[in-house]
Amino acid sequence: MRKIEGRSLGQIAWMRLKRDKVAIVGFVVIVLLILMAILAPLIVKAIGHPPNEFNQDLIDTQGGTLAPLGRFGGMSWDHPFGVEPVNGRDLMSRVIYGSRISLLIAFFATLLSVTIGTVMGIVSGFFGGWVDALISRLMDVFLAFPLLVFAIALAGVIPDDAFGLQGDSLRIVLLIFIIGFFNWPYIGRIVRGQTISLREREFVDAARSLGARRPYILFTELLPNLVAPILVYSTLLIPTNILFEAALSFLGVGVRAPTATWGGMLSDAVTFYTMPHFMLWPGLAIFITVLAFNLFGDGLRDALDPRSR
Amino acid sequence: MSSTFTTSGSDKKGCTTTMSIKRLRTVAALSAVVALALSACGGGGGNDNGTAAGGAKNEFNAGLAAVVNPSDKKGGTIKMGHSDTWDSLDPGETYYGYAWNFARLYGRSLLMFKPAPGKAANEVVPDLAEGLGVPTDGGKTWTYKIRKGVKFDDGTEVKAKDVKYAVLRSTDKETFPNGPAYFEAFLNLPAGYKGPYKSKGVNTDSAISTPDDYTIVFHLKNGFGGFDYLAQLPQTMPVPEAKDTGARYRNTIVSSGPYKFANLQPDKSFELVRNDKWDQATDPNRKALPDKYQVSLKVNADDIDNRVISGDLDIDVSGTGVQPASLSKVLTDPALKAQADNASLARLWYTSINPTVPPFNNIECRKAIQYGMNKASYQTAYGGPFSGGDLATTLMPPLVPGYEKFDLYPAGPDSKGDQAKAKEALTACGQPNGFTTNMAYRSDRPREKATAEAFQQALKPIGINLTLKGYPSGDYFSQYAGNPPFVVANKIGLATNGWGADWNDGFGFLSQIVDSRVIRPTGGSSNTSVRIPDVDKMLDAAIAETDTAKREKLWAPIDKRVMEEAVIYPGVYAKSLLLRPKNLSNVFISEAFNMYDYLSLGVK
Amino acid sequence: MTEPNSFLEVRDLRTHFPTDDGLVKSVDGLSFSLDRGKTLGIVGESGSGKSVTSLSIMGLHKGGSARISGEVLLDGQDLVSSSAEEVRLLRGKRMAMIFQDPLSAMHPYYTVGHQIIEAYRVHNKVTKAVAKKHAIEMLDRVGIPQPDKRVDAYPHQFSGGMRQRAMIAMALSCDPDLLIADEPTTALDVTVQAQILDLIRDLQREFNSAVIIITHDLGVVAELADDIQVMYAGRAIEYGTAEDIFDRPQHPYTWGLLGSMPRIDRERTERLIPIKGTPPSLINVPSGCAFNPRCNYASLNEGASETERPELLDIGAGHKVACHLSPGQRQKIWETDIKPKL
Amino acid sequence: MPDTVITYIIRRLVAAIGLLVIVSAVTFSIFYLVPRWAGATPETLATRYVGRAATEDTVKLTAERLGLYDPIAVQYWNWAKGVVVGAEYDYGAGVERCPAPCLGYSFITKQPVWPELLDRIPVTLSLAAGASVLWLALGVAIGVLSALRRGSIFDRAAMTVALAGVSLPIFFTGLISLAFFSYQLGWTVPGGTFVKITDNPIKWAQALTLPWITLAFLFSAQYARLTRAGMLETMNEDFIRTARAKGLPERTVVVQHGLRGALTPIVTIFGLDVGLLLGGAVLTEKTFSLPGLGKYAVDGIVANDLPKILGVTLVAAVFIVLANLIVDLLYAVVDPRVRAK
């Protein structure tokens, strides 16, 4: 009975989602962005300007302004987005490469938060009692932390070589950990609430009275019912994490130079506010990516939970 | 010198702070004979203060050699902005050029640099003292007579003991960690002396004696001819012991100059208002034209530029030049450009090539860097020809007496490096296909970041792959790029660096970056790459040379010898593009500070 | 248009909701009438359109999207063609409603008293104090002990039965002529259920109002209703007096309902007979008889059930049924197949 | 009844203090442990604060004065003791009493941290207060209108803008508006020129206008979405149907019954957001160079100035915990069901 209903709910959701054109647009943009990130080396090869390549012949070094030569930040067929001031790096390939860092960190940080949050939420909600009390207090502690301040502090004190890693890989792992680790209580609360309400339902009682062991109940009965909220929350957490990563990079504790990141590019652009093209492209890239995830996430939520429409 | 605050590449005045105590002892031993030579450069050459009617025309670089808008009109308020916090207002601890420049408004050191445009500013003239120091005992004792009638802002007269106390307290480096460390190195202080706070009641007459209220005598361990340079440091500005509050004195300074503090809010703003106890008759150097100085701290740097352009603010007090965004504005607008001065600094931005890190133990591999690097992109990374500086091929900047132009590693007609020669060098080094190494830079300095990126790009075509390592500037020398074991362990082949002397002098400029004896195994030295026994000997010989003209000729060979070893890659001789205050009079650039002279300004 | 001869006349009421998935015909051609002092029970499974019917009468159909046609004549005034404001002024005053779950139906942030006062004052220009006195009276009338104290309590401080009593007090505060009770006892304990039903019956007598009881539980209407209308897929499929429905049910669906009804007089061991299958989607109502796919006897009428929709026809003395089976077939099946099992 | 309220508040305050202890201890540990994992010794840590001319003696003295040789528990205890009972600070020429709450002295500028924080709180407070009034009014109004006119052009336009709003990083909108409105058009003053409202209300508002608008834009977008969703959910509740069934005018239904229900969760989120913001609107303050708590924190982090970082973290946590408490109390006022528990 339950299973039939579950499947049809999924089908209904899928039908609704298919009809939601805006969400589909969001989804397509996400797919394109992911493809862009994966294929970045190929795309950039086709463009012909690696992200870290200097093109100082396109910079006004003679006049001393260090601004890109030509109009609109040196936009041309060769450099469709223009070039950076000072070193003349191609903005388009930097923006494309920036998507890799952004998406990679956002995805894995989300995965980390969702994993921790789900496990903690289920454990807390299902066992109740002191376990619940302990985990709930832990969540309170996490939520009481001034998150961003803390993240900057932590990202700032870790040296450049640590835990057997260095360079970009260290920074990426570090950022995934910081972003992911601090975000779990949010999903933890949702899962906990869902678990508690599901636990109260008959079907779990029924399974329990039939002598099913606890882990079995946990995974066969609870998890399928948690899939929808977790899916929705994850989709909506990704854009939050993209913004988080961008913020950390903007504040100078993200992935190190010369690796291109959107937040880092914006941070570089601050000192060149008279050349708006420089801040426009990375800003737009963040905007479009986050918007796409939000659109898709909203659509997914509406499809899975029609009440919220 | 490193600073945790600065982001725009502004540097501490000195950078000689690194002078290790041990090194300074050696120097002192040698410098007795130099005494006359150094003071010689303080004599003569003084044209008048440039207040002749008319003054310089309002055009680009007008303030470099002449006074713009000369006037004796009194009154008005000068508004200054600073994008950061003041390093320290305490004369015992301050160590930035702009702060030394500014400190003269509220404090009177024994001597001072002459407030005059152009070269004349390098002359040391008496201030609180009646005359220059009188050396005896082979430069081991220096006697200064203090002017009578100079008063603190509370009305008490400045006595010799106040100067003595000021100098002694500045030697407590635990309380005043960031100040210059010359006095404790040169003065014959009792063993284990830790300053007047910790060593209370200790008799310090062996170091400074005050035979009467208006005489102060410095007793050095060894003779030092250049002591007058030390006597112009803000550390000799008198501090009344009764009103000293140690580390907190920076908030409660008792003025001895024409202005005193008002409305001081640490890290935010302060004002200088007239000190009515100051007497013009005791002061030949100051005109004290404006009624008031207003200084706002922690103002957005771009905002400062815009407000200086609009006239809402008079001066960016840090004197480090305009922000990148304003650069294009100023240089492309003829009216604005006419309102700017492009000052040269006695400072070199360079990159250390560490021979302790293979394969840089082979000189050919170091040469590959010298040839392979694109010098033009170094300049661009530092801000271009106006805001960054001129292409450098030597260690000593042209402003330093004794500078000689040479270029051992020509970078090609367009200064983009000589790839053919670089490859030749690589082959000679036994690394024809290149190699991989690391490059350190201060991550909170955009210009150093750009420099490191420029190296990475320029060296890639010849097969040298750089991994960039950003370190916080606060720990850059003590823990990272200036820490020899760290450099070796982490294979820091290249490290961005910079150097400017406390005053324009070959010794002050070179010794800290080329003398191998200043390298400390525990870190903290700016010299990370130069270990040439020849050079150490040549330095000692130069300091021992008594004849100024001859001595100045000895610096260039040292410079050349270091360049032959290819352990330093010179980038640019620093310059800064300064916005000339619109509404002020008596505006000129002091070559002693390489920025506008804050003592002479008036309001139009 | 014929003159209304009853207090409430519903004629060919249709309430349709356009949705992304298609047109939902929640109520599709419903007609009935009700006099003062009488009680009509509307019975059906969830989704049969019975709740929408009551909401349509009250003018509470959700949002602006519902399409309503037909006539709802309350004391001669057509509510369907009246303006929203006109209907609003009737709501609470001339017609009132009791909902299924009194906990969610009462605002959690306001006291019970406040909610009754609000209902009273919107239609009666009286001071708060007067309204409060009235509220206490009403609470007293529905059997809430210490009404002068309980009037200041919040809904969550009441027990389920008390809440429903308070709800009734609220509905009756303006002395309405028509009271619609939508599943008034479903959320309550069995013992409380009986009390509430007794209360509704008593109050109906006292106020002489017309009452519509909407429920899926035939047991409830058995207690209260004079007439019963059985609904399926938005239409009435059988209509008659309580005796008609309980003693002479004509429609296979009604039989099914009766078979699935737990009865106090029946042995506990006897199994209930559930109706097989699920109610149809109101978007794709089967073209013939809507009950056809679930009907055990559809094969008896040579496929008419699949193609033709049966009309609701009077089979005597106001007992109406919509079924393709002949009266003889129905009689036979009832007597032999169904009745013995009940 | 008041007794139970008081015990409740006391219990919550005790829990809050416990929370603050944990937060500060964890912050302390991170700054104590992480550098040591990376190989730092008390001396190398002290070198950061001694300038480059320091002798080894000076380094040792500094390390000693900063207590870097003590085990972490002792260091933390000393710091915490200072917060509770105050401390004494040797500034060279004598000893100064640092009254409770003594959050220590900056390792670098040697200014006591607490007065500096007090100086910065008004900045952040002004920023948060102005922006929150704006966003609450705007966000809720737009959200309610959107919900009531669901599907209308207004609803669609508002929700599109709102979605765009939540998808834009504040430092991007901030930079763009700064570049355009301040530098290009000169309409507003760029940051860094904060003036106290008591000194000059006009200049105060002028300096904060752009940050307010930028911050409020982001939050209004969020609140419009939240309010709309909450309103839609509430308007679907049974009690709304009841209110209508009573014949209440639609206005009353929407405002007294609908909004009242929909706003409760908004109030909760609002309280927490303001609490979080008071702890330091890091990005906004950084973007607009406002000398508030957030910028103070970033400055402290950049300069490795532990007392500053600890101070801000503690103050921020206090704000968050207080906001939580106020929200909970407010909740009890608004929702009688909570009161019962």
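We just call them A, B, C and D in the order they show up, numbering each chain from 1.
The criterion applied here is as follows: a residue touches a chain if its C-beta (ideal position, glycine included) is under 8 Å from a C-beta of that chain, and two chains touch if they have at least 3 such contacts.
Being a predicted model, the structure only gives us computed values, none of them experimental.
**Student:** Select the chain whose centre, defined as the mean of its C-alpha atoms, is least distant from the mean of all protein C-alpha atoms.
**Tutor:** If one averages C-alpha positions chain by chain, the most central is D.
**Student:** For the interfaces A-B and B-D, which has the higher count of C-beta pairs in contact?
**Tutor:** Higher contact count goes to B-D.
**Student:** By mean C-alpha position, what chain is farthest away from chain D?
**Tutor:** C
**Student:** Once you find the CA centre of chain A and the CA centre of chain B, what distance in Å lies between them?
**Tutor:** That pair's centroid distance is 46 Å.
**Student:** Which whole number of Å gives the spacing of the CA centres of chain B and chain D?
**Tutor:** 40
**Student:** Centroid of chain C to centroid of chain D, CA atoms only: how many Å?
**Tutor:** Comparing mean C-alpha positions, chain D is 54 Å from chain C.
**Student:** Return the distance between the CA-based centres of chain A and chain D, expressed in whole Å.
**Tutor:** Computed from C-alpha means, the inter-chain centre distance equals 23 Å.
**Student:** Find every residue in chain D that makes contact with two or more other chains and list them.
**Tutor:** 183, 302, 304
**Student:** Mind pulling the chain A residues that touch 2 or more other chains?
**Tutor:** Residue numbers touching two or more other chains: 156, 273-274.
**Student:** Would you give the residues of chain B that are in contact with at least 2 other chains, written as numbers and ranges?
**Tutor:** 302, 444, 472
**Student:** Please output the residues of chain A touching chain B within their complex, sorted ascending.
**Tutor:** 52-54, 56, 59-61, 63-67, 85-87, 156, 160-161, 167, 252, 256-258, 268, 271-275
**Student:** Give the list of chain D residues in touch with chain C in this complex.
**Tutor:** 150, 237-239, 241-250, 252, 257, 260-261, 264, 334-337, 340
**Student:** For the complex, give me every residue of chain D touching chain B.
**Tutor:** Interface residues on chain D, with respect to chain B: 40, 44, 47-58, 61-62, 65, 91-94, 96, 108-111, 116, 119, 183, 189-193, 288-289, 291, 302-304.
**Student:** Which chain B residues qualify as touching chain D in the complex?
**Tutor:** Where chain B meets chain D, its residues are 1-2, 4-5, 17-19, 21, 85, 95, 169, 172-181, 194-195, 197, 244-251, 265-268, 296, 298-300, 302-303, 306, 444, 472, 474-475, 477-479, 522-524.
**Student:** Once bound in the complex, which stretches of chain B touch chain A?
**Tutor:** 302, 323-329, 331-332, 374, 376-377, 379-381, 383-387, 443-444, 446, 449-450, 452-454, 456-458, 467-472, 490
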